[in-house]
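Okay, got some structures for you below.
Each of the next two complexes has chain A plus one more chain, namely chain B in the first and chain C in the second.
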Partner chain A sequence: MLIQIKAIINKYLLKAFRDKLFYALVIAAFIYIYFVSVLKFSNIENTYQFLIDFSISGMFNIGVILALILGVNEVRNEIQTKSIYLSLAKPVDRFTFLLGKLLGILIILLSYVSIIGIELIFLVGKTNPEMITNLIGAILLVFIKLAIISSFIQMLSLFLSPVLNVALTLLISIAGHMSMNYINFILTESYKGRGIFFIKLIKFILPGFEFFSITEALLRFKHISFGYYLEVIIYGILYILFILMISNLIFREKNL
Partner chain B sequence: MSDCIIRTIDLTKIYKIKRFLKTEKVIGLDRLNLDIRQGSIFGFLGPNGAGKTTTIKILLGLLQPTAGEVYILGKDPRDIATKARIGFLPEMTYYENYLKIDEILKYYAGLFQMDPKLTRERIDTVLDLVGLTVFRKKFLHEYSKGMLQRLGLAQALLNDPELLILDEPTSGLDPIAQMEIREIILNLAKEGKTIFLSSHLLSEVELICSHIGILKNGKLVKWGTMNDLLKINKFFEIHLIPSDNFIDRIKEFDISQIPNEETLIISTESEEVKNNIIKIAAETDSKIIGIYPRKDSLEIMFKKLMLENNNAYSD
Partner chain C sequence: MIQKRKMNLFFFCVIIIIVTIGLHYLYSLSKLDEVIHAIEEEHEHHEGEYGNNKKHLDLYSLSELSVINTEVNSISDVEHEHLNHQHDHDPQDLTKDYAHVEWVNKPYLNDIYRANLHLKGLVISLLILGFFIYSYYIDKAKTFKELNENPEE
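Entry: the complex of A and B
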């Protein structure tokens, strides 16, 4: 199985690195963060807040675009062009095929996050070295968020058109960032209907991206424990596995 | 039973096509029974939409049948270990243009879990076999359709399979390349490999297949060895130069007549009619050039079968 996963990843990476779009997006993100860093505000605190806020969110947003470009058509295209017949006629499990594709996407996203992350650490770290630990943590959590988004994109690509996939992914991303307290506040202020339970249930099922946002702590130089990072990372990995299992159930029964 | 490579029992596939508020059922395969033995070259024929691709997809475990049973090398087609013993060449395949031949074959070798040494050996062997060795470092977008078809055959042979499922293997190839591919297929059969060949090129099937099955509207309407099936359709051809009243005398017979300049070619399946025609020719001073026992070509038999009962296939 490992040889098969390696083969699928290798092929995917060859495609991604020969596709100039990847480089274009990395360069765009690089330039974006550089411009954010050169903007100066009246006081140093505002300047850092702006830099951290916009860099982390920019890194995530461009990462979502990259994940969509990488994932929205990946399995779908193979089904439409029938090249999937050649792969699945070989002794490869459908789960292995999905896992290999997802890992390929995650390696690309990790490369992207690493390149941009190093730039950000360099820009912030030269004047604020005490921020670096939390900044690395924040960048790692951005990657985990992108990994969750990618697993969603892959799952949705098995049964939705690319347009619907993009729309739903963006919706999941936005809803995932809302905290439960915020949802409770909206519900108590504006909605008294019977659907409250279901809205809360949907929020519970959707990924809790609010746990991944540590910008506030970063700006206030708060210490974030290793345990917190570990919990959030484990939550992210389990969430990805959960989505991957659902994808496998859909894909296993799919007539090609 | 032990040498039975492909066996289907009442294999049925019904597609459900959703149309607004209704779901329409379309029969893809209707109780298909196949029994393909080791070492045979089985030609699988049928017009477009007859169910050939559906059958191949089920044999490869890509599609679930609605009913019936299917065994490939004695196992379920979805069995992963069984797939390692099968080679498959689809009719038309899109290959990723950003890859080189070496890279795509390494990918497939990886799916077969081959180690690097075996991968190198097998890639060298199959590229040599299909004549692509000198092009191995080229990107796939630089390839002609014929070269891609050769690549398809190369990847199908990568695992040295016991069963080879080929869907239109010579599609897009020039006549020389078609002959080369036919030669390869015949050699593979000599090595004891079983070939399942789906093709529209009836002359090709007639040349290389030991057995055939003809599918029509999802049903197997004819199957057996090539020799037996073509023997069934024996007929006589009488070539003669007719006299004036010969034509009037033979009107009563159910025969086919093809005028060819001053000669007439008469075909009949009946020995009795043949004898009567000869007798009339002698009586009317018609000159018989020759009497030839013939058997239908696969092409004629196929066309007759397709025209039987309905006009679903007429070109």
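Entry: the complex of A and C
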């Protein structure tokens, strides 16, 4: 099984690294973070807060675009061009195929996050070296968030058109970032119907991206325990595994 | 046959890992009662301080509890002063209040919201376990059916 996964990853990486769009997005993100650190968009004296806030959110947003470009058409194209038969005839079972594709996407996202992360660590390290441990944690959590989004994109690409896939992924990303406090706040203020339970249920089912967002702690120089990172990372991995299993259920029933 | 044994071992290991994670989350959740109990005690203690602002308290009962919980966790003196300062604000000034509630209820500071993460983790690990068992038995049932249909194999 491992050899088969490795072969699928290699095949995918060969194709993906040939695409110039990956390099274009990495360079764009690199320049964006450099500009955020150099330019002053407001009268804020301390540029550290500005840099952290803008660069982490920018890194995530560009990462989502990259994940969408990489994942939205991947399995779909293979089915349409019938090249999937070549892989499945090896023989590779469908779960291995999906897992290999997802791992390929994750390797590309990891290289993107590493390049931008090293730049950010270098920029922050010059002024606030005591926050580097937390910053590495924040970058790692951004990668896990992107991994969850990629698994969602892969799952949705099995039965939705690319446009709908992009729309739903963005919606999931926004709803996932809403904190439970914010939802409680809105509900207390404006809505008293019976739908509250369903709204909370949907929020519970969607990935809790608010747990991955530690930007505010970085801004307030608050150190986070190692245990918290571990819990969130385990949660992220379990969530990815869960989505992968749903994808497998959909894919094994699909007529190719 | 060897391949199948390896797969069974793999499934067994995965199930063990998931059960362990699930039990860990369950254990964390069981400690939640202690946290809530501590908060309630503190809340009774602080009731006098919030008495003048009853409407505000009703609106943000959970948030207020969380504020006290954070005080129990004792972030720092500076932030403590900041919290007290926030309570002096006009209760109608919801924007400022929300920003404050948002910060003190961050899961890495607040045990109640962290328990929410544990609950999610527990539910997901149970679902994955369910999936594993389901797919294992479905595969087994399919093989059994195929064997019944083609007994020569």
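The rule is short, and it goes like this: the second predicted complex is superposed on the first by the 249 of 256 C-alpha atoms of A that agree within 3 Å, B and C clash if a C-alpha of one lies under 4 Å from a C-alpha of the other, contacts with A are read in each partner's own complex, and residues count from 1 in each chain.
Assume a contact is a pair of C-beta atoms (placed from the backbone, for glycine too) under 8 Å apart; a residue touches a chain by one contact, two chains touch by 3 or more.
What you see is a predicted model, and the numbers here were worked out from it, not measured in a lab.
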item	value
Chain C versus chain B on the shared chain A, clash or fit after superposition	fit
Touched partner set for A:Ala89, first chain B, second chain C, both or neither	first
Touching partner for A:Asp19 - first (chain B), second (chain C), both, neither	first
First (chain B), second (chain C), both or neither touched by A:Ile3	first
Touching partner for A:Lys11 - first (chain B), second (chain C), both, neither	first
Touched partner set for A:Thr81, first chain B, second chain C, both or neither	first
Partner chain(s) touched by A:Leu164 [first = chain B, second = chain C, both, neither]	neither
Superposition-derived angle with apex at the Cα centre of chain A and sides reaching chain B and chain C, degrees in steps of 10	120
Which of chain B and chain C A:Phe211 touches, first, second, both or neither	second
Which superposed partner A:Tyr228 touches (first chain B, second chain C, both, neither)	second
Distance of closest approach, chain C and chain B, by C-alpha atoms in Å	6
Intersection of the chain A residues that touch chain B with those that touch chain C	none
Chain C-facing residues of chain A, complex	179-182, 184-185, 188-189, 204, 208, 210-211, 214, 216-217, 220, 222, 224-225, 228, 231-232, 234-235, 238-239, 241-242, 245, 248-249
Residues of chain C touching chain A in the complex	18, 21, 59, 62-63, 94, 98, 101-103, 105-109, 113-114, 116-118, 120-121, 123-125, 127-128, 131, 135
Chain A-facing residues of chain B, complex	57, 60-64, 80-84, 86, 88, 90, 92-96, 98-99, 103-104, 106-114, 155, 159
Footprint of chain B on chain A - complex, ascending	3-4, 6-8, 10-11, 14-15, 18-19, 81-83, 85-93, 253, 255-256
